[in-house]
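Labels run A, B, C, D and E following the written order; every chain starts at residue 1.
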Amino acid sequence: MFARRLAGHLARGLVMILVVTTVSFFVIRSVPGDPMAARYEKLVEQGMSPGAAQRAVEVLYGFAPTGGLWQQYVDYMSGLLRLDLGQSLLVPGVSVSTVLFSAAKWTVLPVLAGTLLSFLIGVVMGVYAAIRRSGRLGDILAISGSLLHGVPQYVLALLLGAVFTTLLPILPTSGTADIMFEPGFNAGYIGSLIEYATLPVLTYALASYGGWILAMKSSVVTVLGDDFILAAELRGIKRGIVFRYVARNAILPLFTILALSLGMLFGGAIFIERIFNYPGLGLMLIDGINNRDYALMGGAFLLITAAIIVANIVADLFYTVIDPRVRSGEGAA
Amino acid sequence: MITGKNITKTFRQRGGVLAGREVRALRGVDFAIEKGGAASFIGESGCGKTTLGRIIAGLETHDSGEITIDGTPMSPLKPRHREPYFRRIQLIHQDPYSALNPTRTIHQTLNAPLVLRARQTGRPRSWVDERAEELLALVGLDPAYVLPRYPHQLSGGMRQRVVIARALTVDPDMLVADEAVSMIDVSLRLGILALLKDLRERLGVSVLFITHDVATARYIGDDGELYVIYRGQVVERGHVETIISAPVHPYTQSLLSAIPVLHGLEQPGEQRVVPTEALDESHHDAGCLFARRCPFRTERCESELPVLGHGEGTPQEHACLHPERRSVVATPIGRG
Amino acid sequence: GSTGDKPAASGGSGGSGGGLYTTIDGLKPGLDVNGPINPWNPKGNAFVGLNAMRIAWSKNHMTDPNQFYPGIAESWEIAPDNSSITLHLHPDNKWSDGKPVTAEDVKFSIALAYTQGSTAFAIDPGAAGAASEVEVVDDKTVKITQDMDNPSVTFVRGVMDSYIVPQHVWSSVLTADFWDKLKAARGEGAEAEKAREEITALSEKVLAFAPPKDVSAGPFTLERMNPSEALLVKNKNFYNAANVGPDQVKLLNYTGNEQIWNYLIAGKLDNAPFTAVPADVMKRISSTPGNGVIKGYSPVSLGMAFNQAKKPYDNVHVRRGLAYLINRDEITKIASPEGGTPALTTTGIHQKPAAEWLGADLATLEPYKLDAAKAEEEFKKAGLKKDGGKWTLPDGTPWKFTVNVPAPFSDWISGAKAITSQLTEAGIDAEVVTTADYPLYLKEIAEGKYDVGFWLIALGPAPYNIYQRLYGASNGWSILGGKIKHAEPGKNGNWMGGPETIEVDGAKVNPGELTAKLNSASGDEQKKIIGQLAKAANQDLPVVQLWDYVNTQFVNTNRFSGFPENDSDLLRQPSGVWIQLGMVKKQ
Amino acid sequence: MSVTPEKKAPGVRVSGLSVVYRTQAGELPAISGIDLDLVPGTITGVVGESGSGKSTLALSLLNAVQPPGRISAGSVEIDGLGDVVKLRGEELRKARGRHIGYVFQAAQNSLNPLKTVGKQLLDLGRSHDVADLRGLVREAKDLLGRMGMDGARVLDSHQHELSGGMRQRVGIMLALVLNAHLVVLDEPTTALDMITQATILRIVREVHEERGLTTLVITHDLGVVAEVADRLAVMYGGQVVEQGPTMEVLSAPRHPYTQGLLQAIPRLVGDIDEARALPGRPPTLGTIPVRGCVFRDRCVLRMDVCETEKPPVVSFGTSIALCHAVEAAGRDGRAGSPRAGEIQEVVGAQGATGVHEVRGEQS
Amino acid sequence: MTAPVIAAGGGRAALRRNFWRGVWRVLKRKPSRMVGMVIVLGFAFMGAFGPMFYPDPLPRDTAALYAPPSWAHPFGTDFEGTDVLSLLVTGSRYVLLTALVTAVITVVLGAAIGLFAGFRRGRWDTVLMRITDMKLTIPGLPLLLVLSTIWKFTSAFEMGLVLGLLGWGGVARAVRSQTLSLRERGFIEAARGLGLSTTHIIGRELLPSMAPFIAMNMLIAVTGAVYAQVGLFFLGVLPFEANNWGVMLNLAVFGGGAMSSPAALPYLMAPLLAILLLTLGIVLVVDAMDEIFNPRLREE
């Protein structure tokens, strides 16, 4: 059963990736502007003579895809089959996958941390808001949740940035870690990593916290209204155990959302990365676009899309595993 | 006049985990309902009553078999051409709460089909309002009170009446009432049943009544026919009173025995039949579908599938290899 | 609470106790951990002056491009006719792995430079200023000869700008027969063509080559990096190691100017190259203890270029009218208060070298001082009409002035917005049009999809480079095989669409031809040409010069001293060069 | 925990119990001043239409009325526990489950969907500090077995793997497994079909007798009560309008509501024309009359006094009815009560035809 | 029952009156909703009439660049010395108009596709939902970034069109599942059984039932659109417009150094606060949606 489901998902996912890759390929190739002209201008501005700049730029042509659009497409797709995403133009001679993965690390870690942090806090506060839903505190929690949920990430990022760099400059607003620390598992380096990631993580956590509190609140309210909770109470089940009943049932649907939002995280942090100059995928994508690095753009799209698709699959399968109703099939009817 | 021959329906789960699982909801059901007639389908939960009702009302398609409405077989017709026939068969939902649109007033709810009707029959607009009031009065409601209200402002019984009035807007030949009273308060149930009966008598609408409570089936009309369905198969068919007083199929007997006895007013039937097991739809046996649960089964029952037919000496048709009349029905004290 | 001083305490690696010098690589916006340690790679992690060494460092003299500080070469002799240059390497210079830097290394690096087509080492026959021969005289001496068929005054500069890398690390990139191939490529015919192709094909390989570890002849080697910072440590084998002040150099990455501002405010940077800074930020930067500013010449100006193929900008009076109408002082104050000085006039040259090149003549040029009356006069001459306070074109349609700028350049946007505000106040319906990014902007103006757009001009110090921006490819002139050609407006990248000849002092001149001549002319001839071109630009106004950039560098003297003075000729070299020359000292 | 249940069925005395719900229109009573005695060792059935306050009453027995409701007055004395209304916190929790078993109205959904029945059983045991959890499981299997199910399999199942009837039985098992002797079943058979209903009712009866319980069965179906209950209480509009031994009440209903209800039940035998619906519709929280008799709007025997005065308690041996008319009839010296037939005559005299009668529903 | 009897025929106007009275009641029930409504209406007013209160072009004072807040300039001035508040107000029209266009397109398209798919089911459903999935899988913001280089969104309508075209996926998915569940509800089935036209069923039966949902999505789409366009302007990939909120953010941060020096902070704060306030208003109003459209909750 599980294997069949998985196979179906994978097949559909592959088709999806194929289509999305194709669409993004043509969209990306239709971006006007010549990467070489831009680089030429830069070199000239840096004082290189026009002729030398011209020749230097020509070298880069070697890294740009050649042939007609259709040929490029065929090349690109056949490259994909070999898991080859092509060469970066931005960093000539380096494969797109290398660039992607080194950037992805810096998106995944903070966003993952932010999401999990906000998930934990949001879930707890959501339970609280649900229990206190008729009181003032519940109202405040819910409205602040909606507000945080509604406010775009960049507003939060800018606000936090303004507070922590202009008003009380205590946190670094760009970079990943102090280079003076030897990377590795040592307190200094890890402390530095945390220090540098604080603002992005905090922003991401704040931005997603609202969603969790809302989702958890409504989920808990639903479960609290379910008969089996009252039934458990009427059987004299201990409060702690009843609370676990509520929590487990309420959190179950949230795991799906969690999986999905983890899928979205690859593409989700452009603003935050731009504002805090955190060198993740978002910043890389902007760089790729600005430099017309088609292969890099395509790779980023593919990675983001694949992450979403995988997250969807995982969410579904995860649900199959943890929810006994789906596991044995009734819930799917 | 609507007849069905050998209607079958199998549900196949598509997609999801259950993909491939089959439920044989109907296994070759025959029926015939006269114009102005009444028929009741009874049976346990999940035995296919609703499915049959929906097929008859044209809301569901069947797999094989033939439905004939007023002599016209439906299967050769394109879905579009079937509609006018099925329009004349209206389904009354079990749940009057969901059967009415909560965002529309009763006036709006009745108006829409009436306007259509007026257009079809070339009647003037003014007829619509008149007709709405007329129909509400017919189902025993005060139009002035009901019309401007939203469904949530009405009681369950009133809602069910509105549902019936709405079904009447298209002048149907037949009403299919699927558990139409099971969600209505006890004290009001009889009112709805009486209304259905009244409509039969006054408008000549035939009524197909679906229930798992045999007692209510009587109230649609004493000339009604009763179909006892078990796992998609009709196991006993005949006149209501005949079957109640002299059921021969052990399943029918189980159903009748299950009706609570009003101790003090009634005394229980002497030969009450209790099935030996609970219903298990997934079970596939070669023989009689009821055999596993039947207290009277023989070896023959496990291999031979009985078909519906007239047994010797019984006025009703039945599908039992060992038909035997048992007195299972409670009798009022003092009448014997 | 910033991280600036923490690492020393908590101990990084490398020789601590020595100074840690913190700076930004202005030539390379964006460090990239994936980049190879390869000076030719645009994202390579070879940092000029630190672990990427050139033969020598240009002084960026205002008029003479051929003045240098020593780099790999300790000294050099330039033939009086510029036909050759002989390099003498430092006798005791070694690579960071202990091997000596030899003339063979230089020759090998020049071979690599050929694949990259650098100015002096172009393989295409007939390229101006290309080397014809590279000769290893002895272990520490190399002689490079220019192909005098098509000489260039910047030949020497082209040679000196070459990067030198260790042959023993890079040897795998080239085959032994490279020089034979090069010889073949110099010729004509199919064989030469094939050889050229083969060499060009090598370019990718060279660009992508990633040495496993940094072997440098510079003062530092790359120790490690992360996406935001790079750490370099002192190369003990560097010839001038004794005088290298800092033990470590930390390079900070930046993607936006605001990052540099924050670093500066926090006092984290010992040196930062030029960045546009808003006035208030400047105030905060200055208030940080130890922070200081060195200002010097930056051979760039910002011009507002017209598309002369479009009406009414084809009319010189319209352009002049606009020049009179635009308040350059105000615009500079709004857009680039720290990084620019309002252009005093429009010559196509930055004000400072203009004074050197033109001398007293500069004063004779029209300064286009703010003068609404003159502007009106000029507009009327062009047949424009003022109708109810609004200017209309001669045919009566309203004049809609749109100025294009790329969206990411916020100082340009502010400037453009200020221009439109001024023009609107003067009755011209004016609007800023932005383009999503710079490549798109370049593409769009190249396609002539603009009326007026911002354009960098006066890129010195070589005079050809200066005027190439006004009378080069973008205005229709290109040099092919030593021949000058002019393309019609709107064709072959001619988006300025100026006239092929301009009347200056009663004589018709072809500014494109004059500009091309600057490449090989020298001395007085150059001066004369520049005088003509300046006049042409001043009269004909293909652009209105808005402001001249100032090379505003930031230094912090808390930890180090010995930075260049204002107007120093080293200011355009990165601080790595200052360090290796032994200027920067620990406090 | 002893496996053989001792016979110690408690008596329950509900007196003056009122429950109010807070609504937009203020606090409205769902139950007002109910007196009800549960005789130890009997099954008491409570019937009443939707909204008559049955579930509220049932929950009150466990002091478990859910907000926005609260018990506003009265007491529920249970032998061995005292006044449940006064119990709080842990005491109350321990009383629930161990002393009072509750079988939920929608037993279908009374199990945690994520846990197997067995695990929930263990939760129950732990909550009540049962030392011998194995014993508990044995007891549960035993109970399930007696209800006709494979105990081991059921304990291993999730809720969704059980049919409606099975879930209901599991609910009963969980209510009884801790040896509670007061069991409250709220609509134990609603939404089940006839055959399953009959099975459940039989099980209720059997278990009741075997374990010596005091049982309260709540239902809207008079038939169900008639089938299982020894005693019967009829609720209407938040009041018990009539109560007494089942046989007695059914054979000689005194309150006009009980009579009407009896008549409205479709029967398998007998003249179908004799049966008819009650006019009007059952009251809801907002429409329950505050003064006078709650049933008067639908009552065929309405008198002026019904508008203003609370109906008096009229008792006949072990039965009582709350009705002015019954009292009046008693005063008039009529024998005991008006018999059903007589009421029919009254109705008939008013000339109610089917249609008109139902039209009265909206009044 | 003594409720007033309303004449059956002439009930339409009365119904509408009742509706508004109900809305009023719903708003009155919680003061926060009132506040939300006032905020939302305030923004609508600002967008519609705000620009009329200011001269065009806005006056500038080049002697006061990045002036701190004062009575004359509550939010200070911008890089050119223009009053930030006036920029904010005059800029609201474009922002809100785009948002409105986006919201309308998003909701109309999403609802139409969702309804069609859910109502038709079968092959159409499969195809449409696959497309929707695909749409939802393609990352929106990166795509917008790329699109902004291809297409210049000069007018509010173009911008709205693009955002709308990119945004309908979620609504379609949700409307479809709502449709599927409503479809199984008795009243839809009954309407089909009565032979009522599909238009009637969708327009009169389905849509009103989904009204709160759709209205909510509409409001959310409004905020979403504001965020998306302001964000794009902030990143600087869209055409320049001095009084656009996003451009204000961009210039404040990347030009004015709002993240480095407090001088440009008011210039940054003004659009931020506007966005926060708009969000707050919409959040508070959304809270009332369910009750407004549900006759039962409305009248309670």
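Observations, loosely collected:
We take it that a residue touches a chain if its C-beta (ideal position, glycine included) is under 8 Å from a C-beta of that chain, and two chains touch if they have at least 3 such contacts.
Please read these numbers as outputs of a predicted model, since none were measured by experiment.
Steps from chain C to chain D, minimised over paths through touching chains, total 2.
Least step count on the touch graph, chain C to chain E: 1.
When the interfaces A-C and B-E are ranked by how many C-beta pairs touch across them, A-C comes first.
Once the centre of each chain is set as its mean CA position, chain B and chain E turn out to be 49 Å apart.
Chain D has its Cα centroid 30 Å from the Cα centroid of chain B. The mean-CA centres of chain A and chain E are about 25 angstrom from one another, to the nearest whole unit. Centre-to-centre separation between chain D and chain E, using Cα means, comes to 52 Å. For chain B, residues that reach two or more other chains under the stated contact definition are 145. Among the residues of chain E, those in touch with two or more other chains are 1, 149, 253, 259-261.
Residues of chain A in contact with at least two other chains: 32-33, 165, 173, 274, 289, 328, 330. Against chain E, in their complex, chain B makes its touches with residues 57-59, 83-84, 86-87, 90-91, 93, 95, 98-105, 107-109, 112-113, 116, 129, 132-133, 143-145, 147-150, 152-153, 163, 166-167, 169-170.
On the chain A side of its complex with chain C, the touching residues are 32-35, 37-39, 41, 44-47, 49-52, 55-56, 58-60, 62-63, 88, 90-94, 98-99, 102-103, 106, 165, 169-170, 172-183, 188, 192, 195-196, 274, 277, 279, 283, 287, 289-292. On the chain B side of its complex with chain D, the touching residues are 44-45, 140-142, 145-146, 155-158, 161, 185-195, 198, 212-216, 218-219, 222, 244-245, 254-265, 274-275, 278-279, 329-333, 335. Touching chain A in their complex are the following residues of chain C: 1-3, 6-8, 10-13, 20, 27, 30, 32-36, 38, 40-43, 60, 115-119, 122, 127-129, 154, 157-158, 161, 200-201, 203-204, 207-210, 224-231, 250, 252-256, 259, 262, 265-266, 299-300, 408, 437-444, 446, 456, 459, 462, 464-465, 468, 472-473, 572. Residue ranges on chain C touching chain E, taken from their complex, read 256-258, 261-262, 265, 277-281, 283-284, 330, 333-335, 405, 407-408, 410-411, 413-414, 416-418, 421, 424-425, 432-434, 436-437, 440.
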